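Same chain, two partners: chain A is paired with chain B first, then with chain C.
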Partner chain A sequence: MKRSYGPLLLLICLAVFPLIVRDQYYQHLMILVLMWAAIGAGWNLISGYTGQVLFGAACFFGVGAYTAALLLHKLEISAWWGLPLGAVVSVALAFPFGWICFRLRGPYFALATLALNEILRHIATIWESLTEGMVGILVMQTFVSKAPYYYIALVLAIASVVIVDKVMKSRFGYYFVSIREDQDAAESMGINTTFYKMVSLCLSAVLIGLAGALYTNYMGFIDPHVVFSLHNISIMAILVGIVGGVGTVYGPAVGAFIMVVIDELFRSGGFGLLAALGKTMQWPFMESVTKYVSQAHTLVFGILVIVVILYLPNGVVGDWELVKKKIFFWKRQTV
Partner chain B sequence: MAYFEAKGITKFFGGLAAVNGVSFKVEQGQIYGLIGPNGSGKTTIFNLINGFYPLTKGEIHFEGKQISGLKTHQICRLGIGRTFQVVKPLKRMTVLDNVIASAFLHAGRKHEALKLAEETIEFCGLTAYRDKPAKSLPIASRKRLEITRAVATKPKLLLLDETAAGLNPSELEEAIALIKKISASGITIIIVEHIMRVIMTISERILAINHGMVIAEGYPSEIASNEEVITAYLGEDYSAQS
Partner chain C sequence: MDVFLQTLVAGILKGGLYGLIGIGMTLIMGVMGIINLSHGQMMMVAMYVTYVFFHYMGLDPYVTLLISMPSLFLLGMLIQKYLLNPLIRVESILPENQVLMTVGIGMVLTEVARFIFTSNYLSVRTTYSTAAWYIGGISFSQALCIAFGLACTLTLALFLFLIKTDLGRSIRAVSQDAEAAELLGVNSDRIKVITMGIGAALVAAAGTLLLPIYYLFPDIGGPFTRKAFVITILGGLGSTVGAIFGGVTLGLAEAFGATYIGMDFEDMIGLIIFLLVLVFLPGGIKTLTKV
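Then we have the complex of A and B:
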């Protein structure tokens, strides 16, 4: 009985968060966490549950983001319409892509998604008459306060967790996991594997595309290198999934929190601690240390992946029992 | 027209004829045995029947419909289930989830699929392993899981690929009993088997192949005394011809 209160309590905490924490910076971080929770949930559906690894999550993210931006830029329609339309356009991209590339299995499919990611980034860079190329597109933000964005992101994150949960308990869920475990066995159990892989990819595209459109509205500026970025979006999506727990409902949400915090910890040099330390201790070299640390966050991602795969192969949520044992080991000894 | 009929099915891998002009008929309710030395093309015939490989030549008919050219999942939907020689359990799912996933083929809703899966598990005698992950099962139970999963798709024709290989004598008896029970429930069976004791006791008719070609077809007693079959299995020294 105790467990059923957990999610409710968390929900209440999340709902009142912007009312209690007034600092724009922390509100911004939480919006990123929620956005990444949605992207992670989408990535997890196709990669974690269906076993078709998506290396290029940024292709759906970028397409969603550009749909929203171009609506305003070219047609002068509110960029908020980009949310539903971004999801539609993402699916419109996922459909032909899946149709062609689901003939490939395992790592070959993963590489094809990586290629799609790069192709779209180059198209967005070169096709200047449509996308303004590297100049990027500016979208006026609708709200001055961060709270409205926070609640929209919260709805998106909760919706994506609920959708994944519902899908995985239905026939689709059983079929997705069957395909991951053994595609030939699944096929001879009467599962149309190509069709169900398409369904899974399209659902992923919807969630990731929605997050992309939200990003445009929230950040107010996009360019090809930001939204189609390989290491900031595609690899981050994989990390969120792996760290949180591949093939778990809450994994991506937990992973999103951990990854955004770690990313920010290094980018800001330990939330400004390193710089402060240098100042108080009169260490002039601290300034360059801070600079190097803030540039090394991608290196840390690499180390983190190695550590997680070695010690927590199922992610923080998937190996929660193990995490509990390791962290609370001293408790067990005292009892 | 026969219930199930293969007409001159042929499969070339490059220049190699894995299966060459094999024809046979199976009547409804039969247990039909398929024997032959290693590499003679038995599993390839199964892969041709259930659509994993496209036919190079020939036709396959089931219940008066031509099924060659259909995809594997469509063939399964028409009522042909199969098991794999190298078992393919869905490792990280429990036994129950394995069976539910295949029960969904003919059960629209979750509770229907759950009911069908539980009945099938009971029927095949896997109840003790119901909530265990499939990867924790010993080989005999994995083979049984293969059969259970295939039966849960409600097949009319079941292709069993060496379901008795690697089992100890008591497990073997259980496997034979299960196959007889499935047959008694009205499912037609084509079975590939190396263990002569199994195939000779349960099959009503047997097809013997070697190098992808039919060498004999008939009742088990006919096959057991057939010169060509003995030659193929034991070498020319042991056949009465030499």
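Then we have the complex of A and C:
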């Protein structure tokens, strides 16, 4: 059997990344990529493999984040305990929710998760005695350097990819896919669909909750509109999934990389290139162009959703053959 | 007692408008089988259209109905024709990619509005915006009453259209069974395009009617999308009669929640009702009325 060294090579590259790239900014971006890879893997498990689209990934993310923050804020326990506890609390949320809402199918389940997301955001905003409301919670960061966070995020990302891979190669994986393909057929074959959907949802909740707790520890500040955000978390999670490839093991990781880069590209005006260009070329209008570009990052997200769904419905990894063909085709034409 | 009655009146009047929003969504739901998550954003576009005509040409918002409804009808048709219909033929693992597409469309609409009009709050102030009629101790906001009346008229017109005309029958046929309708010679792609247009036009009417008593900013679409799907689920999917009941129920629930629990909870109540309906009455009001 041919052994593939690709993953091993990638792993080594990722492991030495913070030793080579000393710039804090790029380290920060890589941490975000790894965090999103974990969230994307969680989203992909329930939505891509099991076919129950999770519109409100932010509910698990936020719950994980708030668990970590509240541990420190209320109980004076290190926020790092929030990682295991955040996962537990996420599951504690996912379980009753799944119990109630798995009787819904397709878009209705998706809407129910969206509603849960909104409800939790309102609760976090209104219940000021517990969550400090819109003021948010400040958590002191443990490490000054980014490297420890990087390695923790790396472990989380790798663990989530490995878990998804292992689960999908086990019996559970086949059950999940059969539910996605045809729930009635799966049920008539004797698969307890509610149970397996629940397993899938809880696993997703664990991964997303862990990422949320890590976010609190890393960023050091959370408020309801950041961690329960519909656009910045829930939609981003969907985008990470569909850009990378729905129902593929490495898809979410690739999607995370692409999305974080695109997000940052627009937020920072092409990594500051546009502003630099304007300065060297003496173009005064570049300033306003830069301003518009940095404003446009949500617009780009929206356009990206439309374009990806229309032309790359299975993502970069899922439609890799198509992507390759398109690129080769393009090359031949230019020659 | 006065507070109670006042809340009741406010809830019903608001509910009429919500019904108009819900009917558009439920029509789309029935025919296309998808939830249109850019519904509120379409309403936001209609509100901006109204604002522009009011601000620069001094047109009365109710006159602008004649402009905002056709323009949104066109927008809805274009969206369905060029963005949603092609998706039916796209092979994808994810079955909900049409719903995801509407999310993307909603984001684009919001951001384009933000580009043009910035994030500032805008409002249309007319003479009747703050005026009210009084019956006993209870005030009836003039703008809301007119809006309620117009909403009822539009709903009635829609019903006549759906029941009496050929096109309306085709729409109902596609919504009941698209394949059977196609076998009988109905062009279901065309019907979908028209239905999306009608849905968008209805929500445009709701937006225009709401503007004199509301304010306007690009992110206003999101909350109304949520309200629309709460109404749709509450009324029963694809049921136009249910949508009216759903709208009034949501209007009442919000009004009573705001009065007796607290203003903070106004937005949450709809969502809680939504989850409760899903748990206890999954088919919505439709299962009770059988319409």
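Please note the rule applied: the second predicted complex is superposed on the first by the 324 of 335 C-alpha atoms of A that agree within 3 Å, B and C clash if a C-alpha of one lies under 4 Å from a C-alpha of the other, contacts with A are read in each partner's own complex, and residues count from 1 in each chain.
Operating definition for what follows: contacts are C-beta pairs under 8 Å (C-beta built on N, C-alpha and C of every residue); 3 or more make two chains touch, one makes a residue touch a chain.
Remember, predicted model here, so these are calculated numbers, not experimental data.
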Quick check on the superposed pair: does A:Gln24 touch chain B, chain C, both, or neither? Answer first, second, both or neither. neither
Between chain B and chain C, whom does A:Tyr175 touch in the aligned arrangement: first, second, both, or neither? first
Looking at the overlay, does A:Thr142 come into contact with chain B only (first), chain C only (second), both, or neither? neither
Can A:Ser78 be said to touch chain B (first), chain C (second), both, or neither? neither
Tell me which partner A:Ser288 touches in the superposition: chain B (first), chain C (second), both or neither. neither
In the overlaid three-chain picture, which partner chain does A:Thr298 touch, first (chain B) or second (chain C), both, or neither? second
Should A:Ala185 be classified as contacting the first partner (chain B), the second (chain C), both, or neither? first
Which touches a greater number of chain A residues, chain B or chain C? C
Overlapping contact positions on chain A, where the chain C interface meets the chain B interface: none
Can you check the complex and tell me which residues of chain A touch chain C? 47-48, 51, 53, 100-101, 103-104, 106-108, 110-112, 114-116, 118-119, 122-123, 125-126, 180, 230-231, 235, 238, 242, 246-247, 292, 295-296, 298-299, 301-306, 309-310, 313-314, 318
Of all residues in chain C, which touch chain A in the complex? 34-35, 83, 86-87, 90-97, 99-101, 103-108, 110-112, 114-115, 222, 226, 229-230, 233, 264-265, 267-268, 271-272, 274-275, 278-279, 282
Of chain A, residues touching chain B in the complex: 169-171, 174-175, 177-178, 181-182, 184-193
Which stretch or stretches of chain B touch chain A in the complex? 50, 52, 71-73, 76-77, 81-82, 84, 88-93, 97, 100-102, 104-105, 110, 113, 149-150, 153
